[in-house]
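The structures considered in this document are given below.
In the two assemblies presented below, chain A is common to both, partnered first by chain B and then by chain C.
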Partner chain A sequence: AVGLCPCRLLLLRRDGALRALRGCVRGLAAGPETHFGFQTVTEAERREKIYQVFESVAKKYDVMNDSMTLGIHRVWKDIFMHKMNPSPGTLLLDVAGGTGDIAFRFINYVRAVRERQLQQKLKRQQNLSWQEISESYREDKSKSLEDSQVVVCDINKEMLKVGKQKAQNLGYSEGLSWVLGNAEELPFDDDKFDVYTIAFGIRNVTRIDLALQEAYRVLKPGGRFLCLEFSHVSNPLLSRLYDLYSFQVIPVLGEVIAGDWKSYQYLVESIRRFPPQEELKAMIEDAGFFKVDYQNLNGGIVAIHSGFKL
Partner chain B sequence: EEEEEGEEGWCYQLYPGHIPTSPLQKALLAVGSAVMALRDPYRHDMVAVLGETTGCLALPSLRDKMKHHPEGYRILQERPRIRLSTLDMTKLQGLPAGTLGREYVRFLEDNKVSPDTRMPPKFVDDEELAYVIQRYREVHDLMHTLLGMPTNMLGEVVVKWFEAVQTGLPMCVLGAVFGPVRLSTRKLQVLATELVPWAIRSGSNASCVLNFYYEQRWEQSVESLREEIGIFPPP
Partner chain C sequence: AAAGGLWRAGWRLWRGRAVVRWQLYPPQRVLQASATLRRASDEHRKEPFAATSQQQFDSHPADPQLEQEPQHSRPSYTGQGGQESEDYESEEQLQHRILTAALEFVPEHGWTAEAIAEGAKTLGLSVAAAGMFHSDGSDLILHFVSQCNTKLSELLEQEQKRVQLGETEKKPTDQFLRDAVEARLRMVIPYIEKWPQALSILLLPRNIPSSLSLLTSMIDDIWHYAGDQSTDFNWYTRRAVLTGIYNTTELVMMQDSSPDFEDTWRFLENRVADAMNMSDTANQVQSTGEAVVQGLMGAAVTIRNLTGLNQRR
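Right, the complex of A and B next:
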């Protein structure tokens, strides 16, 4: 680690004391204290700061993801989708879905599954009579998406804007809707969705417990909760390399590519602040989910947590 | 329970906007900003970052030049800033043509620029040097005025040559050398035969441009100021 210096610690403590004092006075008015990266702020401040971070990075979000992870985030999201293994007819809610990466993968996946089903069906139909074939044409008139649907929900208007634009550019139109909403208070009815996903979003939620409760509420019985998020690396060597890369390279990439050092400094700090795998698992269980489990990717840099509403 | 996960962090802030960086980060920033600035010359923030991360030798020497000059010393003490809020635009516009104030305002209007678009320093790890680089940025437009160069690519390259000789900032040198890459051959010819030699001659002949309290010289005529500094009349 970079060497510690006593004067720095002094500044830290003095600042900390000041904050505690301010916090006492403010706490009465603005609510409980929480963290923003390595800073201590009120919950209201944190929500505001995070909103501003994503407002600022929205246009360069995808470019930055590719640069920071050297494209590996695409593999993570692909693995996530394979784990979900949705069948056609699934209703998916993708929270903090911003620029649509999960939503588009979902649509591609169910389309591919549908195509395979159709092909298999065609093979079986090779020896049917003309009557039966024309009947099956009427049945299959619906497009390959059928009634698979994904609702992309995000708290940030700018991220949704980028997502909608991407959808237009890539040609995704049906089975996709965009809703402005807060993970802690979803604008949906109870027992609505088959699958709830939140990819690289739950870290930015201020009250994770509320978001998990909301996830439970909007899922149908039998529905599945899936969370893809940065997590903790236990291997000491990997951890040191990961820290070095995170703290030395990522903010520099943020400055050079997006002109925004501070947002990416926040990003790496928020990853360190996020609960590790077991703790998150416990929180998910607390919200009422069963068969909660997690899978580490790349030694714990990223983890997929899964739970069911039974 | 604030952690210090291997990063200096915000508690080390020496001035508002300061982001403390490790030597490795400075090196990465220097390379990254150089690449981005070359790819997209309109990324002024990258040019600024390049200047800050590579200026560790040139900035102290500039600061010392200012300290050893009476007017420069006063500037370091008083820390004047050239901003729309500190400039009295109507008064400057009212000055007679040919004066520094009038010509500066004319330059701003003609090229549709404003002194407020200069990036504040972020990666300079010394508060006084941060001011020096800020002063250099704010005086840049005045350099355009004194050299009579517009803000197009050609004009900027010429000013960069002048500034490279004057300040020794690696960013100016890089800008001067690589800037012309994007110019047409006709412009390159003019650049090479007339403008650059003149810029170099003026740059070496002139005393340090940061040692002039421009805010107190608005009424001075551009010609007399050029003579005083040592800038030869533009071709």
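Right, the complex of A and C next:
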């Protein structure tokens, strides 16, 4: 539990814990029917179940991610970051970002861009004295991450705890903040963020439309919404292999590595229940985003949706 | 005298070859663009070009500007149902505004997504709006090029109006071409430090279709206003020649350090003069070729006669 390597569990993100607890108190008469994997439950039940799922897998989240996807999730997240292509000075909100994968990648990317900019600036100034050169290095070190910030928001305390621990171990300290919050009801003001990301989290949101509306609200004009999520595979051969792998291998891995068959059964079932690419694109457009587009990775196993608040 | 004539013809032939070779094999950097243009013009059997030339002549009275814009950005000025953005402008219009605003940051940041991000910031948008465009900066360059082309056609049209109204004299073709190419190249001068970067980005395979179509439409425009009404193969030769002149002059401008680019304009003058002489040279080459062929035929007949093969037995 202590040695948390920077691996990722692309497992479930859960949102709506507060509502779930409230739902419990109120009793069983809680909300319309929805799905939890292949079961049918009420909304309140779903939120509670998802909270419990993540509470139990939080510590093994990263390890399971690596073993289930054979490490490919790192490539997906790298591609995701390249697509975002953040410039220094960007304010990022990473929702359902529990263990901090996207946040750490963002910090690395922005630092690299800053360094490149600095190098180009120095190249242009060929005739500096040693004094000036040392000064420029000094001032830029302090500015290395000054204006870029990332806020990691998650509904699950356990996931946030794991994330904070990882940040400490890896040495990320500045430009990073951790907030407990529900994607359907974000604790932020309007028009605050440049980029809103939700990686492998929107599947676990009970009311996706509310989450999208919140995303629209907290983004600045011109801001970008990015969503990385498992999606629909159209190729029939690939689809069969993928189904085989999902239903036969993943729950077994879950039992062996994390001691939790049910959570991983939920995982693969929830992927099947999630809307396909075009449907999600339509939902994002309904929330008010423009230039909505998606990019399939690995034939549709994972898709990146992108939209702009214009 | 005959020998002198033959020698002179041979000299012209050699010089003609040199000129033609120079025209056909411009320096390495633009080889791709002009070569693809030539291949395109040869292979496509005149079909699409005939269509374009028809469009040119038909739409000229209407609005040559419409030719330029749709090449790259296809702005849609009609509101589309369910697509209101701020102030009822369409996405394309907003993208235009962002790119136009980004141009002033190009001298500092180059033709990159960073310049676009700075441009978006000046409009009050988030820097993430630069994600709407491709990350290599090609959208910015294509936008700039199409803007320049539009400005050029406006200039040419105004001049044509002035000629029609009798305010100015009609220029001879070589002067007209020189002025048009010079005016177009001068638009690049504010960005000349970063222009080589732009040229290299335009030559990436992904961008070649769009940059090529912008280039060909501009050359078309210039010839149209120069009064070209040819309907035979000359149409292609003229455009190919002018494309070669334009590309090479642009390259010369990149490494020209003379005051106000005098060397470049002198280079341009020489190339246009060469092009004007080229048609004469081509005719001379052809007639010399014919003469040579006839001479060979005559020699063959003579030899046959001498060896008695022509005798009918």
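Throughout what follows, the second predicted complex is superposed on the first by the 268 of 310 C-alpha atoms of A that agree within 3 Å, B and C clash if a C-alpha of one lies under 4 Å from a C-alpha of the other, contacts with A are read in each partner's own complex, and residues count from 1 in each chain.
Assume contacts are C-beta pairs under 8 Å (C-beta built on N, C-alpha and C of every residue); 3 or more make two chains touch, one makes a residue touch a chain.
Everything numeric here is computed off the predicted structure, so don't read it as measured data.
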Report summary line: Across chain A, the partner (chain B or chain C) reaching more residues is B
Report task. Have a look at where A:Q248 lands relative to chain B and chain C in the superposition and call it first, second, both or neither. Result -> first
Query raised in the report: For A:R224, is the partner it touches chain B (first), chain C (second), both, or none of the two (neither)?
Result: second
**Report entry** First (chain B), second (chain C), both or neither touched by A:K166
**Finding:** neither
Query raised in the report: Is A:W261 in contact with chain B, with chain C, with both, or with neither (first, second, both, neither)?
Result: first
Report task. Tell me which partner A:E269 touches in the superposition: chain B (first), chain C (second), both or neither. Result -> first
Requested in this report: Based on the superposed arrangement, let me know which partner A:F38 touches: chain B (first), chain C (second), both, or neither?
Outcome: first
Requested in this report: In the overlay, answer first, second, both or neither for which of chain B and chain C A:N85 touches.
Outcome: second
Report task. Could you say whether A:F308 touches chain B, chain C, both of them, or neither, answering first, second, both or neither? Result -> second
Report summary line: After superposition on chain A, the chain A residues reached by both chain B and chain C are none
Requested in this report: Spell out the residues on chain C that touch chain A in their complex, using ranges where they run on.
Outcome: 83, 85-86, 91, 94, 113-114, 117, 120, 123-132, 135
Requested in this report: Under the touch definition given earlier, write down the residues of chain A that touch chain B in their complex.
Outcome: 1-2, 4, 8, 11-12, 15-16, 38-40, 243-244, 247-249, 251-253, 255-257, 259, 261-262, 265, 269, 272
**Report entry** Residues of chain B that touch chain A when the two form their complex
**Finding:** 2-12, 19, 22, 24-25, 28-29, 32-33, 35-36, 43, 45-46, 49, 122
Query raised in the report: In their shared complex, at which residues does chain A touch chain C?
Result: 83-87, 89-90, 117, 194-195, 219-224, 290-291, 306, 308, 310
